[in-house]
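Two complexes are shown next, each including chain A; its partner changes from chain B in the first to chain C in the second.
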Partner chain A sequence: MTALDHAEIRAMGPSLTESLRRRYFSSPGNTAISLVGGALLLWIVWTVLNWAVFKSVWTTPDGTSEVCKGIDGACWAVIHQRGRLIIFGLFPYEEQWRSTLACVAMLITAILSCVPWFWNALRLAMLWVVGFAIFYILMRGGFLGLLSVRPSEWGGLTLTVFIYAAGILVGMPMAIAFALLRRSELPVISGFIAGLIDGVRSLPLITILFAAALIMPFILPGWLQGDKIWRVIFGFGLFFAAYQAEIIRSGIQALPVGQEEAAKALGMSYFHRTTRIILPQAFRNALPPTINQFVITFKETSLVVIVGFFEVLASGNAAYGSGEWSFAYVEVYVFVGLIYYVFVFSLSRYGAYLERRMRVGQH
Partner chain B sequence: MTNWKTIIACISATAFFAPMAAQAEIGSTLAGVKERGALSCTGHNGSYLGLAEVDDKGNWQGFDIDLCKAMATAIFGTHEGHLNIQPTSWAQRWPSIQSGELDIIIKSSGWTFSRDTDIGMQFSRPYLMASINYMASADTGAESAADLDGGTLCVQTGTTTERNAVEHAAANGYDIEVVPFEKTEEAKAAFLSGRCDAYIEWDLQLAVMRATEIENPDDFVILPDSLSAEPVAMVVRQGDDNWVDIANWLLSALMIAEKSGVTSANVDEMKANPPTPSVAKLLGATPGFGGQLGLEDDWAYNVIKTHGNYSEIWERNLGNGSPYGLARNVNGLIRDGGIMFPLVLD
Partner chain C sequence: MSEVAIQIRGMNKFYGTFHALKEINLTVQKGDRIVICGPSGSGKSTMIRCVNRLEEHQAGVIEVLGTELNDEVGNIDVIRRDVGMVFQHFNLFPHLTVLDNCTLSPMLSRKVSQAEAEKTAMMYLERVKIPEQAEKFPGELSGGQQQRVAIARALCMKPEILLFDEPTSALDPEMISEVLEVMVELAQDGMTMLCVTHEMGFARQVADRVIFMDKGEIVEEGPPEDFFNSPKEERTRTFLQQILSH
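Presenting the complex of A and B:
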């Protein structure tokens, strides 16, 4: 049924009051349930609004929590006073404009790479190299007259976005390689990759992060260690790759065998077959689970707190963690929850847009 | 938490047997710190009230953090620009110090046998006693544990605190009826709603709870009796005696200063006219306190000038200058009825 049919039916359908009556008030039992349900819903909405808006305090004039004494509603003053801590973590206060710009640069890069014009390997690669360079220069500093800031002082939302973007960027090529290698005709290679994927998948992410951050320094020689943050991003990327590889492989295996055989018959090389015929269709098939994996991965960034990174949830914890504000943890968690919501919801909506664009749902 | 213990054990084992590729050399922590130009000390991954918190501008503060700052000041004369506070989770402490990412752990860490022996750590002398105390509602009028005679106590079942209370009551001849709860939160809620006369916990946690969870803090008092106490100490890698000496004498210097009445306010005057030879040596008016440790002779002067003596650090972060208002009690100097003492500066 097409969209047009829906619209026509709606236009021809009963009036609003008529449809309300039919749906909610068709019998005494239905009416009772509707009334009770409606009342309950109103009550919940009212309570939440009351807490969050009508009885809440939004700002603090003197930087203390005095204004929130004895109020029934939410104390958003904690966000007013400690919000910068949540967003920027331990980044030096006077330099936080750099963190803002870096975060914006990373977001713009992410948004631009969702624009179809950038969808070829060269443009995407250039975009991300430039995006990361800007981010790193702004955050790390140490030249061009910028104060040097160690990665252990990076924090808050900026760090979450960075670890996420970098982890996906490291993980995605790995995932494609894993997926292709697992289908290799050489049993040694396919067996090894299968073992690797299953091995990584059977470990909890937290163990992998812990090992990357804390065990690697014992094993790797000094010149190969790099900063802890890169090791953690690599671990994060590896974990993402193990799952994403299987998603891509499912996309590949859903293709009719004839596709590849036809390409072979036309004399296309392996590289051409893979990049022009197989992968584009595989990605299209695998789009819904891929978006799913992206969303899950975003939420999993909060685990880096266990190896001592001040990502947005940890800096939220620090924000209410003072004698002054410790009562306001609900407000802080609601705020952090909203941040996650904005990101994850945008991701889901973008996924839905892609699906419409590629008409995956039409198969 | 068992999971974490296993992981720590595994990692510690790895740390122990793996070829130490990039370790800080044993016995040279001070040299390494000086070369790097900064001390790496522990922060928290979030906030740990009173001990490690973050202020509005993202700066660390708290009792443990001040000791980190004092340590950096002792080495470099100032902590500004010479201190890296590494946000560190509980589980991450031991492997991080083994790998050389940290130089010292000042993170509310109890001195236990297995930590001391199994995982290759060495402890400084305790800088804090995590003391188990009663908190009573003010209506009871109780001023000491014995006044709780005939009263009720909300506890979480099967915990060491419950055993502490039972043993203390038996030994000191008062009766207290234990009301057991399955969870800490339940026990706490029951106490706050008036179900029991008293509640039992680490005194710092009690003070935090009183300051942050209770509408009217004056309704509750923390009783001074210490039922049990766990020593909390700084932790360093085993095998660097000089580094342990510095940690120990840093703590002693803070306590000597308190005992001799040297504060951040009067330290210049004290240095100009030292009342005793020991104070003269402490503040570097006469030489000899720095060289043996590999520090400048006036290191303790710098520390006290910037951060104050033990008492000032306590009051600022945990005591009357903080929201928690925690009394020293067992953490006082011996002359004040506590168990803290400086080593002898001869």
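Presenting the complex of A and C:
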């Protein structure tokens, strides 16, 4: 078909006004519904804009909530005043540049892992281990004259990012190991792993976090306990792994047996068959549920508050909880909600991008 | 030249209680071209899959290139590197390009350098007449092209023996000849080949011996002239009539 044909066809198709008319005003009933709906939509948009933008207060010159007295709109001054608490928790004020840098390092790591050059198990693992190490070292300090800040003093969005990234970093290798071991030909091994996965899945995350934070110290010998945050991260990773393992296994089972056979027939070792043939394809197959699991896991980080960690949502509560700003809770929740939204939205966009890319050459 | 490539003695194979292969005896010299035929379910695939131990046998002896295949065989992967296999459904790796399909195992298993592996791969892709498709993904090729890539992929390991399991039966008729052509050339170059196929023209043209299997047994075995012109067994005659009548 030539370019001319395309142009002609487009010219013959309905114009914008024509298609609008057909879709929304094709009958008196439809017209009425469209008008009422349109008016309602306009009213909602107008009200929200009025509240959020036109009648809102953005800054507080004296640090108090006086500026928001008697206004109709949103009091964003609370974010101006308490935003740092939401982002950094109780991290020492003068050291918050470290938190910022640490988050930037994480962000760069996340962006780099979208670059196809890193799409190989070794490179991706190296990237995340390095990114994570930079994050941890910056946050922890205690060298080169940097003030040492224990993880128990971390908080806010930074802590959320830390627990999430660490949980997945710990959980993903476990998930892969579980998925592979569950397919073991030895019934003892596959049965044990199946039992473990079912066991973990049957427990609520809260129980696991409680057990990791409060019960483990009584059971484990001292040298194995580690810091509370690490136990919580391990519990979090284990919970993630139990679900992700089944997702990966479903991806493996969707592969034709011929794939593994062909790799065997070429004399590839178990390790190479698994890392080069089976897992890459299994992850492709399992991409949508994997992204889903990542999103769910991100939101579940908010549960660590029950074992005493002030992640972003808990910090948000603290931000308006102190008498003075207590009227501004809607603004705080909108802000925290926006943070979650930005994260989840980027993740789902990234997933869609991966899916598009992977469809190339796969029919 | 009469070096033994494959020796099978008194081999039996069971799937649970089902006796899939019964007392199989077969000797293949290096350079032999053997065609295996027989009705569906007669155990042809099972037999050649035992040769690279994709299936394990329960009794008897299988020796491949001087090594006996049993539980003690230290590293079966090492033997599989010398025994290539071409499957009915190609089984190319869909997430890798044609070139990567061909270079992956040589680089990982034989520790060949990338440059060397790519050179070899291009040589074999040329030999199967599709060098121009090297950068494509398998899903972008026709069935016949995919099967030729699969043959090139197997050749890139420089195997001593090539096993074919009905390499043309999943292909549209017009693509069968392009694959057979490649196989004939391989045979003429002296490759040791074990082919399960119903392409009797191919068998007449290149086979040293034709083996007829039925119900898990080798019923008859002989050079193609004798096999096609004067089959000794009744079962062979019936089978040949069926297969040649269309």
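One rule holds in what follows: the second predicted complex is superposed on the first by the 347 of 363 C-alpha atoms of A that agree within 3 Å, B and C clash if a C-alpha of one lies under 4 Å from a C-alpha of the other, contacts with A are read in each partner's own complex, and residues count from 1 in each chain.
Throughout what follows, contacts are C-beta pairs under 8 Å (C-beta built on N, C-alpha and C of every residue); 3 or more make two chains touch, one makes a residue touch a chain.
Given the structure is predicted, the values throughout are model-derived calculations rather than measurements.
Once the two complexes are laid over each other on the shared chain, residue contacts for A:Lys55 go to neither chain B nor chain C.
Look at A:Glu261: by the touch rule set out above, it reaches chain C but stays clear of chain B. Touch criterion met: A:Phe327 reaches chain B, while chain C stays clear of it.
Once the two complexes are laid over each other on the shared chain, residue contacts for A:Arg284 go to chain C alone; chain B is not touched. In the superposed model, A:Lys299 lies in contact with neither chain B nor chain C.
In the superposition on chain A, contact is made by A:Arg276 with chain C only, not with chain B.
In the superposition on chain A, contact of A:Arg22 is made with neither chain B nor chain C. In the overlay built on the shared chain, the residue A:Thr207 is in contact with chain B alone; chain C does not reach it. Of the two partners chain B and chain C, more chain A residues are in touch with B. Chain C makes touch with chain A in their complex at residues 52, 54, 77-85, 87, 89, 91-95, 97, 104-105, 108-109, 136-140, 153-154, 157, 163.
Contact residues on chain B toward chain A in their complex (touch as defined above): 7, 11, 14-15, 18-22, 43-50, 53-60, 84-89, 91-92, 95-96, 98-101, 208, 211-213, 322-324. By the touch criterion stated above, chain A contacts chain C in their complex at residues 256, 258-259, 261-269, 272, 276-277, 280-281, 284, 358, 360-363.
Residue ranges of chain A in contact with chain B, taken from their complex: 63, 81-82, 84-85, 88-93, 150, 152, 155, 207, 210, 213-215, 217-222, 225, 228, 305-310, 314-315, 317-324, 326-327.
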